[in-house]
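Input: a single structure, listed below in structure tokens.
In this document, chain identifiers A, B, C and D correspond to the written order of the chains, with residue numbering beginning at 1 in each.
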Amino acid sequence: MNEKNRNINGVITPTEKANIFSNSLGFIKKNWIGFTLLASLYAIILVLEQVLPVSSMLFVVLKKGAIYALVAVSMNLCNGFTGLFSLGQAGFMLIGAYIYGIFTIPLEARAAVYQYFDGGIINFTVPVPVALIMAGLAAALFAYLIGLPVLRLKSDYLAIATLGFAEIIRAFFQWDKLGPVTNGSNLLRRFPVFSSTLYPFVVSSICITIIVLLINSSYGRAFKAIRDDEVAAEAMGINLAKHKQLSFTISSFFAGVGGALLAMYQTTVQAAPFKAAMTYEILLIVVIGGIGSVTGSVLSSFLFIACSEWWLRFLDSETYIGSFRIPLLASGFRKVVFSIIIMIIVLFYSQGIMGTNEISIDALLRFFKKLFRKGSKEEAT
Amino acid sequence: MAENILHTEKLTMQFGGVVALYNLTIDVNEGEIVALIGPNGAGKTTAFNCITGVYEPTYGSVSFCGQTIVSNHPQGKMKKLYLGEKGKEKLKRITPTPDRITKLGIARTFQNIRLFDSLTVFENVLVAKHMRAKQNVLTATLRLNWREEKRAVEESMALLEEQDLLQYKDDLASSLPYGLQRRLEISRALATEPKLLLLDEPAAGMNPQETQELAEFIVKIKNKYDLTVFMIEHHMDLVMQISDRIYVLDFGKLIAHGTPSEVQRNQRVIDAYLGVADDA
Amino acid sequence: MTIKHASIMVFLKLEILIRGGNLGMKRAITIILALCMVLMILSGCGGGTSGNVIKIGVYEPSSGDNGAGGKQEVLGIEYANSVLNSVEIGGKKYDLKLEIVDNESSNDKGPSAAAKLVSAKCSVVIGSYGSGVSIAASDVFGNAGIPVIGASCTNPQVTEGNTHYFRVCYLDPFQGTVLANFAVDEFKAKKAYILTKLGDDYSVGLGNYFKIAFENLGGTVVEETFQEGNSDFTAYLTTAVNEKADVIFAPTSTEAASLIIGQAVSQGIKIPLLAGDTWDSSVILDAAKGSDSKIYVSTFFDEGDDSAAGSKFVTDFKKWLNDNPEKLKNNGGNDIVAAVSALGYDAYMVAVKAIEAAGSPDPQKINDALWGVTYTGVTGDIAFDDIGDAIRDVAFIKSANTSDGSWNFVAIQSVK
Amino acid sequence: MEFLNTNLPYILAGISVGGQYALIAIGYTMVYGILRLINFAHGDIFMVAGFAMVYLSATLPLYISIPLTIIITVLLGFAVERMAYKPLRTAPRMSIMISAIGVSYLLQNCAWYITSGLAKQYPTIPWISESISIGTATTKIVTVITPILTIVLVIALVILIKYTKIGMAMRAMAKDFETSQLMGVKINSVISFTFIIGSFLAAIGSLLYFTNYATVTPIAGAMPGLKAFVAAVFGGIGSIPGAVIGAFIIGICENIIRMFGWTTFSDAFTFALLIIILVAKPTGLFGEKSTDKV
């Protein structure tokens, strides 16, 4: 793909040079196509929700996909754009999910939820949006503290250390002594959840937009410079420690928000599932989408969730054609097929779907124009 | 004489048992082009790395524009080795990170070109403007820093135009031909708005004609941006042609120093380069 | 359908766009992959209630920690379905079809599995083995207005505070109290060591109720927890010995159970092991066979039940198992009837009763009808109280016969 | 003495589990030493060895099924390297690591499919499964044998690496991959050999481990695998004695933590130890320091 198309929401192409530097209003003006697309996406979802039965698996995929898209993009910010191979995502999601749960369970439900801890010790609630931000902030705070010692480490060591930290966090949240706050290892539930598919979409798209803005900002360039060559980046006056810390913390902030959304989706929260396997899953999404591609991560999140939760589910049930039983189909086969697909992608498409490219509006327009031209040419001949 | 801009005092660097640099004391004055030469493995790049904060020197200090920017005093066994009886000498320990030094106004290039391969030529230069902009992550994300950003872009564009790189601006840095990569690296260093430019073998891998062009280029940018240039170079033509003074290193030690013609006549330098005839 | 189709087409085109110009292998593979996906969508879109079929959802784990138990529960349901696979409503005969999903014993995968059942338009759902997953999916069913009948989820929180969740088994507070009473009655226990699994609502809950009951009876307890994936229990067991516990209470999954038993045997620990209904499984018998350990479990059903319904169920179920090698394998390779199978059977029958009472495949009507259903099942009489729990007042206590690998009936224990 | 009597079982368990971690950790440390790759799938190879034994011993006598298990495991290790890591030899390190995670995912899911996610009872191996008494503690013979066997195997391995040609090639590659390639070391066969040794030790480790813990599950390899890796890092990755000492330290510490009743944190402790060592001495106890050339 042509390098000139690399930027989403247009960083620099010559014609745009003149009007790129303007305030946020200008930004909206410039990216009106993007915003229109986003708005029409919302509209489509709204219409779908009216047209299709609520129970359709499509909504499950859309909801979970939107949440995973956010988490994957946040992981991409850290792993793909800054080159910090962190595997702590599940831990930060856990913090987000718990903070959200703890501070939004209605007071009247606390006695039932904290049944072993006399209703817990936190006896106030905060509004949902505040809780979402708190979830992010708490995750970011932890990330900041973890980052202080850990970010000095090099690639694999960093990976294993962050993985370790995620496990430690999980153990802490399951600790009995913290029970009055975290409900020990028991479920948190009855907190407000979303019913419309639009909700995770709106939250995720806001967050992803912010991440994209960050990536295309001066700081984003600095992150990419660090990824490409730490020594040279430092020689360009980029403070490694500060920028790594920034990327790591911001990535965790959004992972925390993603965790909170996941809690809303699941309707219950428990520390147990937030283990390394979850981080691997997200990492695989990022890899499939292309390390260093935001649109790739988003696309692959939806594909990944759709495959694992929906399209491949038929592999799990014994199927008969007439009286012939299709061999191999049995519980668990879905995952085998799925992991084989993943291995194929990792081995033969190591760039993922998108590589480091992005689907930009310009590229799309050009693509459709080309299609159109081709069409008219064919008509002519 | 012009004002002193860079001074190293007894700079020493030891890796394990190997002393890569020993008691290096040099001066670079404002507006000069000074060259550091010496055979392979003489410790030239190590000296650069100590000056720019990549390595923490075992002993010695570096001052820039009269201000001490790097300084170390050895501990334990090293102390005996380097301070000897002058152990009472008080040195403040200053070990800044390279980015700090760049911010003070020392820019450098690398022996083996280190560009940001996945960024475009333009972005490579723009990255160097990052540290000078008054912004924080919030204002940058929300584009409230658009004035700063605008300035950075304009300056980078101007710089690229001057270096004849404008036509490649949207190409990936890694896709440029070798010579242009060199030039881009120097442009990128210039974008940090330095007072002192450290060039690490800028002419490596160039043919005589390209080297000649480079010589002119260095002089040109020196005059244009009011720079002081301190460079490591192997191409003697280049060195002799443009440098005001030359320091010669061999096995980590300074063996000669002077104007090009003085150095050219220096027997020790000739020995170091050609080897002593009956070196048993 | 068209929308999904279109979305995939867009994806296909994008792929071509991205790799445009790079014709050859990769492109071919891409196109094939994309075509596969379209096929998958087509196949994924099948289903939905049609004609004279009523779907009964089965929300059970067949993998993960509770996979073994979940499978046994499914067997009971499948057997029940083979016994009674149609129902007559208003003169019209409906086929009853099972829609089985695997919730993977996982609270985060569970809701998606539940959503699958909802989208398959099940009229009523049975499940799940494991209280945590049941709670996790409760809202999914609740929002869709589908009633759920829990077969063996014993945590009180499952049915509390909602109107769509029912269950046919007894509850943990009851079970915990029964076991505490049993420990005191049988072993004159003064000190109990409680080992529970972190993050397992069933385990933690039952441990907690046992503790409360045991302390009320004048005993003291030592509590410890283990993490998921832990396989070294020697340290825990040593603590139990060092604390001079009279009984070890370990309400865990069968997976951990066999480890605990094996390691207790190899350490020569003679303290009686007590556990709840999960341990009523042939896995435990396998682990304990040939040793001299003392294992006691409370359960819903006893294979040696001599009531007419009970013994008929046991004989017929065994025959059914032995006729289907695949099913026998799912039961752990033998024909020992697990209590959860009996509960699964009863839950299915209750669901059918409710469908009959509602006179409609409409989930909402079935939900309303469930409150009034009474049924005499193989595990006893079933009627729901105003929370949705079956009214139960006795539990069976069984002990493992370590010489021939079977269960010995010990007592019917009720709460004093 | 009283203290020792009551706590002997913890320490015994610690030493035994330490020995088992050590056998897995060697596989990690050797592969890392040469390829600079964290072979995340190593723990799962260990798990597959467990299942292979379960299924083989169901039909075959032990004296056939044990060697066959070892052969299968070794072949699997070899195949994983050839299929998942070799094609990526020139790719960035991150991709190989991701490939390793992918293999781990695949192996777990395959095991899950074949066993339906159920725990399988590990066959009883006569003699080493029997109980013996040491002081006040009763334990399986395998507990005692593990550390001894581990140390014997490690000594054999060290001799192999020190005094054979292939061992020398391995050391050369660990020092400088490119140069040794230029010097005519057949890198592919050396790497395969490394994986073969690693898998062989993992197979032995799995024999001991599962004899001790009696059941195998598809995720049985994950935790021991991670802990063994931590042990390898702790001892200084690339160093075999380091990995062994690290493994014993971790095994024992983990059980001492449990002795104090901090069971919730027994896994967390392992990772805390890892982070402390990484921050304080990133090269581990016996690792060599390397300076990046700029």
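Definition applied: a contact is a pair of C-beta atoms (placed from the backbone, for glycine too) under 8 Å apart; a residue touches a chain by one contact, two chains touch by 3 or more.
Because the structure is a prediction, the values reported are computed rather than measured.
Undergrad: In terms of C-beta pairs in contact, which of A-C and C-D ranks higher?
TA: Between the two chain pairs, A-C has more contacting C-beta pairs.
Undergrad: Which chain's centre, taken as the mean of its Cα atoms, is farthest from the centre of chain A?
TA: Farthest from chain A by mean C-alpha position: B.
Undergrad: How many angstrom between the C-alpha centroids of chain C and chain A?
TA: Each chain's C-alpha centroid was found; their separation is 32 Å.
Undergrad: For chain B and chain C, what's the span in angstrom between their mean Cα positions?
TA: 70
Undergrad: Using Cα averages as centroids, what's the distance between chain C and chain D in whole Å?
TA: The separation of the two C-alpha centroids amounts to 35 Å.
Undergrad: Once you find the CA centre of chain B and the CA centre of chain D, what distance in Å lies between them?
TA: Roughly 47 Å, centre to centre.
Undergrad: Can you pull out the residues of chain C that are in contact with at least two other chains?
TA: Residues 62-63, 198, 225, 227 of chain C each touch two or more of the other chains.
Undergrad: At least two other chains touched by the same residue of chain A: list those residues.
TA: 171, 174, 176, 231, 331-332
Undergrad: What parts of chain B, by residue number, touch at least two of the other chains?
TA: Answer for chain B, listing residues that touch two or more other chains: 54, 110.
Undergrad: Where on chain D does chain A make contact in their complex?
TA: Interface residues on chain D, with respect to chain A: 32, 36, 38, 83-84, 87-88, 91, 93-95, 97-99, 101-106, 109-110, 112-113, 116-117, 222, 226, 229-230, 233, 264-265, 267-268, 270-272, 274-275, 278-279, 282, 292, 294.
Undergrad: Can you name the residues of chain A that touch chain D in the complex?
TA: Chain A reaches chain D through residues 79, 85, 149-150, 152-157, 159-161, 163-165, 167-168, 170-172, 174-176, 231, 276-277, 280, 283-284, 287, 291, 330-333, 335-336, 338-340, 342-343, 346-347, 350.
Undergrad: Quick one: in the complex, what on chain B touches chain A?
TA: Residue list for chain B touching chain A: 52, 54, 97-100, 102-103, 107-108, 110, 114-120, 122-123, 126-133, 135, 137, 140-150, 152-153, 170-172, 188-189, 192.
Undergrad: Taking the complex as given, what residues does chain C use to touch chain D?
TA: Residue positions touching the partner: 62-64, 67-68, 71, 104, 198, 224-227, 229-232, 234-236, 238-239, 241-242, 254-255, 258-259, 262-263, 265-268, 283, 286-287, 330.
Undergrad: What part of chain A is in contact with chain B in the complex they form?
TA: 3-4, 6, 12-13, 17, 20-24, 27, 210, 213-214, 217-219, 221-222, 224-225, 227-229, 231-241, 246, 250, 292, 356
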